[in-house]
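Have a look at the structure below, then the notes.
Think of it as A, B and C in the order they're written, each chain with its own count starting at 1.
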Amino acid sequence: MSRYRFLDTAGLIFLAVVLAMAVLIPASNLLLPPDNPLHVPDYLVPLLGKYLAFAMLALALDLVWGYCGILSLGHGAFFALGGYAMGMYLMRQIGPRGVYGNPILPDFMVFLNYKDLPWFWLGFDHFWFAAVMVIAVPGLLAFGFGWLAFRSRVTGVYLSIITQALTFALMLAFFRNDMGFGGNNGLTDFKDILGFPVQAQGTRAALFALTALALCGAYLISRWVVTSKLGKVVVAVRDAESRTRFIGYRVENYKLVVFTLSAMLAGVAGALYVPQVGIINPSEFAPANSIEAVIWVAVGGRGTLVGAALGAFLVNAGKTWFTGVLPEFWLFALGALFVLTTLLMPKGIVGAVSDLLGLRRKSELPSAPPAAPAPPPAAAPAE
Amino acid sequence: MASIRNRASTLAALLVLLGLTFWGAISPAVADPLDDALAGFTTDKYDDTEKAIQGVVATAAPTGKAIFEALAAGRLVFDPESKSVLIKDAAGKLTLAKTGEAAPADLASRPLKTVRANNRIRRAVEAASGAFELQDPNPRKRIDAARAVFKSRDPAALKAIETALATEKDAAAKEALQQARAAIILGKADAPEADRVAAADLVADVGDQDALAALRSLPPGSPQTVKDAADAGIASIERWLSVANAFQDVTFGVALGSVLLLAAIGLAITFGVMGVINMAHGEMVMIGAYTTFLTQRLIHSYLPAIDGASLIIAIPAAFVVAGAVGVLIERTVIRFLYGRPLETLLATWGVSLILQQAVRTMFGPTNQAVSTPEWLQGSVSLMGVSLNWNRVAIVLFALGVFFALLLLLKRTSLGLKVRAVTQNRRMAASMGIRTPWVDAMTFGLGSGVAGIAGVALSQIDNVSPNLGQSYIIDSFLVVVFGGVGNLWGTLVGAMTIGVANKLLEPWAGAVLGKIILLVAIILFIQKKPRGLFALKGRFVDA
Amino acid sequence: MRNVIRGALAAGALAAAAFAGAASAQAQETIKVGILHSLSGTMAISETTLKDAMLMLIDEQNKKGGVLGKKLEPVVVDPASNWPLFAEKARELISNQKVSVVFGCWTSVSRKSVLPVFKELNSVLFYPVQYEGEESERNVFYTGAAPNQQAIPAVDYLMKEEGVQRWVLAGTDYVYPRTTNKILEAYLKDKGVAAEDIMINYTPFGHSDWQTIVSDIKKFGSAGKKTAVVSTINGDANVPFYKELGNQGVKATDIPVVAFSVGEEELAGIDTKPLVGHLAAWNYFESVDTPENKAFIDAWHAFTKNPKRVTNDPMEAHYIGFNMWVKAVEKAKSADPDKVIDALPGVEQANLTGGVSKMLPNHHITKPVLIGEIKEDGQFDVVEKTPDLVPGDAWSDFLPGSKDLEADWVGKKCGNFNTKTGKCGGQGS
C-alpha cells in the first residue's frame, strides 16, 4: 500500500530529478562554456528557479487542498508575506548604495520623509531574523485565521471566499504607501544576499540549488505528514468531516496544523522567489495569483504532491513560452489549457498519465481524492 | 482675476442694454458696432473673443442669444477670408450671425473655422446668456438664472435682479430672485448694515453649499452685526449639513449597494442556485456592457431618431447575447462538471481568460465610449441632498431586476423546475423534468442577468476587457456574505456592504475603509459560517 | 507509479525542447529592437498602442533602408501587466534574443522592476511615459515628462488664467502621484497658498466608486474661492471619475480638473460631452497643427488601417526616442549599447509640435509643455504652450531629499551627484 510507504517510486524519482537539477543546472551554467550545447544559458537559471519556487507553493497548496479538502484561494498571501520578509532583509542590505545614499532608510522611505525606520522594519538587517520571520509571519497569520475559521466550522466555498477576501485585503493594505512597505513599487533594486551580490551568476546558481533543495525538503515534510497518522486523519476529514468529528477527533486542530504548516511552506517559497525575480510588490497578493496556484495543482493532479509541483512547473513554462511566441494570443492558449485539462483530465496530468497506461494495481489506489468531495451547497433559492 | 472683472463688465454692459431693450427702446441694431464686435470672433484669440462677447451684448443684437448659444455649443463658425461670422444650427444649416438670414451658398461652401471657447469664454457666455434668461418666459429658466446669480454673487447683476423682481409674478421665481438679491447685498460693503443683516438671514435660509460659500466670503471690514448674522447662519447651515451629509452617505451607500447587487445577482443564480463557482461571471457582465456599446452605435448610425431609447433597447439585447453565451458555455463545458464544483472554478477561469482576450482582439484593449442619454443626466434635490438621476435609475433598476428574478423563480413553471433540479436532480428527472434543458436555461438566465448588469455598469464604469475582473471578487463576497442560495441574502448583503462602505469612507478613507470592511466580513463569517441568511435543512451539509 | 514519472519526464523534455526552440533564434544580419509593453492584463489598455506605434516606426525606418545598412527586427513580448514578468521578459529580450535596445514599460513599478536587469546586462531602455523623476540611470533614457515638464506649468496656467486659489490634489496611491503632489504642495506653499486651501486625496488603483470623493470636492470648492482639481488619477479609475463628475454636475466652469494621465486614448472611452473644458497638461496633443504631426497621424492611420485611432503623448515620446536612438546608432556607427549610451546625449530630434528636442546629459529630454482643454470630440484644444522647450529635471528642486542632487552622465558619469558634498552617491549621511 503505497499510501503508507514514506516514499513511493514517484516520490523517489521526483526527488532524484529535483536533486539532479540542483546539481547539474548550476554546474552546467557555471562550468561549461556558453557555446557548449549542454550549457544552460544565464537567463534560464533564475527562470527555472522561479518555477521551482512556484512548485513549492503548489506543493503547499496541495497539502491543504488535496489532502485536507481546504480550497484556499488566498495562498498567494502567505507566499507574498514570506517574500516581503525576505525583501525587507534585502532592502536593508542595500545600505548606502540607494539613490539617495541613506545608510539606514530604504529609498522609498527617504522619499516619503520618514525620519526613522518604522518599528516593524527593525531586526531585518539580520538574516537569521528575516529567516525566522519568513516562516513566522505566514505561520502566525494562518494560525490566527485558521483558529477562527475552523473553530467556527467555516467550510467549503465560504472558506474559499474568505481566504480570497484575506489576500485581497492584504493587497489593498500593501498598496497603501502609508503602510511603509513601498506601496505599489514594492521592494526592488536588491544588491546583496548574505554578502554575495544577487546579480552575480554564482549567487543565482546557488539560489537555484537552494530552491531545488528546499523543494525536496518541502516534499519530504509534506510526504511525512500525509503518510503519518496525522495524514490519515486529515484525509478522513477531507472525505467525511462530520463522520470524523463524530468518531471523536478534534477536526479543527488537525486542519489548523496542516493549514499552518502549508502557509509556512508557502512563505519559504516566497522568500526564495524574491531574490531570484528581484522584486516583491503588492500584486503578488492579487486574488488572481492565488487562483492560478490552484490551477497549477489541478493541472498537475490534485492530492499527489508530485503532480502539484509538476503542474506549477509546466503551466509556468508554458506561460513563458506562450507570452514569447504568441504575445497576442497566449491567453487563448492558456484558457483552453485550463478548460481542456478539467474536461479531459479531471485528475490532472499525473492522474491521466497513470490512468492511460492502466498499470496501477487495485491495491495501489491513487491517492487522488474521489471526484466529488464536497457537493455544491445547492439549495432552494429565495427561501 | 481678469476673468471675474471681465465677466462683471460684460454683465453690467448687458444689463444696461437689456433694460433699454425691454423698456421699449428697441431700435434696429446699428450696423457698425455689431460688425466691429463680430470681427472679434474671427481672430482666433480668446481675448478678442471675450471682447466680442461684450461687444455683442453692448449692441443688444436680436441674434445675440442665438450667437451665445452657438458659441457655447461650438457651432459659431467664421470664414477666415471674408471674416463673416455664421451660426450653424444643430442640423448644420448656416445663418448669418449679423442678421439671422440664411447664409449665401458660396459662403457655406468655404472652409469654415469654429470660434474656439475655453473656460473663460464659456463663463463669459454663461454670464451673458444668464442675464438674458432672467427675462425668459419660462419660470423654470428664470429660477435657474437666479440660482446662477446666487452662486456667482456678481454685484453687477443686482440691477437686473431688481428689475426682474419688480415684474416677477411666479412665487418660486420671486423667492429665488430675492435670495439672489440677498446674496449680492450681503457681500456688498456699501449696502446699509440692516439690509445686510436681513440678507444674511435670508441667505442662511437657503441652507446649501452655495449659501455657505456666500456667508463665508464676507468682504473684510464688514460690521460686527453682519459678521454675527453670517456666523449664526453658518452655524445653522453646518448643523443641518451634518445631518444631510449622513443622509447623503446613506444614499451613496444604497447606490453602491445597488451596483453590487446588480453585479452579484447573476452570480446568485449560477453560483448560489446551481453551485457553479463561476469565475466567468464578470465576463458576462462585460459582454453585456459591450452589447450596450454596440447597440448604441448601431442605433446611432441607423436609427438616430430613437437615440435616447438605445439604452432601453440594450437591456433585452444584453440579456439575449450574454444569455446565449452562457447557454453555450453550459452546453460545452459546465454540463460535464456537475457535482465537481471546484473544478468548475478552473474551467470557468479558463473560459474567462478566453472571453477577455476574445473581446480584446475584437474591440481592441481600449475603453469604449457609452454615452448617457439626456433623460438620465441631471439631479434632483431632496432635503438639501442632491440625488443623481443616473444613480436613482440604477437603484430602481437593480430592485426591478431583483424582484423580476424572484418572481420568475417562485411563480413560473421554469422557476419551479429550476428549484426542483437544484434540490434533487435525480428525483426531478424521475418526475419527467428535462434536467439538461433546465440546467442550460438556468445558467443562461444567470448569465443573461449578468449581461443586464453590464448595461447599467456601462453608465458608471469603464467598458473595457477588464470590466468583469473588477467586480468578480465583490460579487462573490456579496453572495457568500448574504448566504449562498438565497436571493434575499444577496439583496441584504449587497445593501449592507454598500452602505457600510460609504459610511466608513469619509471616516477612514477609500482604501482603509475597504480593508476594514473586508476584515469585518471575514470576522462575520466566523460568527455566521453560512452567511446572513443561512439555509436550514438537510441539503445544507449534503 | 513509474509511468507517472515517465510521463512527467517526457513533459519536462518537451518543455525543454520548447525553450531550445525559442532560444535558437534566426541569425540574420538585422538589428533587433525589443518591445516590452503589456498586451494583456490591466495595463494593456494603454500599452498596446505603444507596441503598435513602435512597430510602425520600425517599419518606416526599414522602408528608409534600416540603420547602418541593416534592417531592424522588432521582437515583441507580452509582460502581461505582471511586474516580475517584466524583469523576466527584459532578461529574455537582452540575453536570449540579443536585442540592441528595448522600448518599453509604462508604470513606474515596471520600470523599477527591469532596472536591475538593464544595469546587469548593460543594455538600453527607452521609457516613454511621464513619471515622477527622482531617478537617472545610465542605461535608461527618459523620453516622457519629468514633473517640471508637466505639473508645474499646468498649475501656473490655472493660477494665471483661471485665478485658482484653492487646490484639490487627487491621485492614485502610488509613487508618481505621491511625488507630483509633494512637489506641487511645496510649490503652491511657495506661492503663498495656505495649507487649508490644499486638499490631498489618494485612492487605490482601479477605484470605481467616486461618489463620496466627488461630493467632497464639491464641498471643498464651495468655500468661496476659485477651486481646481489637479488629478494624477491613473488609468482605469479615470473613466468612472469623469463620469461621476458629469453625473454630479461639476462643470469645468465651476471646478476645472487638470489631469496629467488623461490623453486622447483615455478620452476615446468616455462620453466627453459633460467634460468639455476640463484640462490636461502634456507635451503633445493630437490636435497640434504642424506638418510633422499631420504626417505622423496619417502614417498611423495608414499603419493601423483605422482612420479613427488617436495618437497621444507617449507615442510621441517613442517617436522622439526611436529617432534619437537611430541617430545615435548612426553617430556611433554601431548598435553596441555602450557606444549608443555615449552617443545619445546631445542628439537632437524634431518633435511633433514644432520644436527640436534634445537629449540631455541627465538622460531626460527637452520638451514643450502644452495645456489643452477637452473638446466635445474627445480631442484637446491647446490653450497654452510654453514659449521655450523645458529641460527635464531628474531631481526635483522642490523636494528636500533631492534638491542638491544632479544627474550628469557625460561629465560626471553619475546619476545622483550631490552638489553640496561634491560626491557621487546621493545624500550621504
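Keep this in mind: contacts are C-beta pairs under 8 Å (C-beta built on N, C-alpha and C of every residue); 3 or more make two chains touch, one makes a residue touch a chain.
In this text the structure is predicted, and so the values were computed from the model without any measurement.
Engineer: Does the chain-touch network form a line, ring, star, complete graph or other?
Structural biologist: Contact pattern: complete, every chain touching every other.
Engineer: Which chain is the middle one, judged by CA centres?
Structural biologist: Closest to the centre of all protein C-alpha atoms: chain C.
Engineer: Considering B-C alongside A-B, which chain pair is linked by more C-beta pairs in contact?
Structural biologist: Comparing A-B with B-C, the pair joined by more C-beta contacts is A-B.
Engineer: Would you mind pulling out the distance in Å between where the CA atoms of subunit B average out and where those of subunit C do?
Structural biologist: Subunit B and subunit C have C-alpha centres separated by 31 Å.
Engineer: Could you put a whole-Å number on the gap between the CA centroids of subunit A and subunit B?
Structural biologist: Each chain reduced to its C-alpha mean, subunit A and subunit B end up 45 Å apart.
Engineer: Which parts of subunit C, given as residue numbers and ranges, touch two or more other chains?
Structural biologist: Expected reply: 39-40, 173, 202, 204.
Engineer: Going by the contact rule already set, what residues in subunit B reach two or more other chains?
Structural biologist: Where subunit B meets two or more other chains at a single residue, that happens at 356-357, 511, 514.
Engineer: List, in ascending order, every residue of subunit A touching at least 2 other chains.
Structural biologist: 172, 175-176, 328, 331
Engineer: Over in the complex, which subunit B residues touch subunit A? Could you list them?
Structural biologist: Within the complex, subunit B contacts subunit A at residues 268-269, 271-277, 279, 333, 336-337, 339-343, 345-347, 349-354, 356-358, 361, 406, 409-410, 418-419, 422-423, 469, 473, 476-477, 480, 484-488, 511-512, 514-515, 518-519, 521-523, 525-527, 529-531, 535, 537, 539-542.
Engineer: Residues of subunit C touching subunit B in their complex?
Structural biologist: 39-42, 44-45, 48-49, 161-163, 173, 202-204, 206-209, 211-213, 215-216, 218-219, 222-225, 236, 239-240, 243-244, 246-249, 252-253, 256, 265-266, 268-274, 277, 373, 375-376, 378, 381, 383
Engineer: Okay, in this complex, where on subunit A does subunit C touch?
Structural biologist: So the residues of subunit A touching subunit C come out as 2, 8-10, 13-14, 17, 41-44, 46-47, 50, 96-103, 108, 110-113, 172, 175-177, 183-186, 188-190, 199, 277-279, 281, 283, 304, 306, 310, 313-314, 317-318, 320-321, 323-325, 327-328, 330-331, 349-350, 353-354, 357, 359-360, 364.
Engineer: Could you pull out which subunit C residues touch subunit A in their complex?
Structural biologist: So the residues of subunit C in touch with subunit A come to 1-9, 11-12, 15, 18-19, 22-23, 39-40, 76-80, 82-85, 87-89, 91-92, 95-96, 107-109, 112-113, 115-117, 119-120, 134-135, 173-175, 178-179, 202, 204-205, 399-402, 405, 415-416, 418, 425-429.
Engineer: Could you list, by residue number, the parts of subunit A that touch subunit B in their complex?
Structural biologist: Touching subunit B: residues 71, 145, 148-149, 151-155, 157-158, 160-162, 164-166, 168-169, 172-173, 175-176, 242, 287-288, 291, 294-295, 298, 328-329, 331-332, 334-339, 341-343, 346, 371-372, 374-383 of subunit A.
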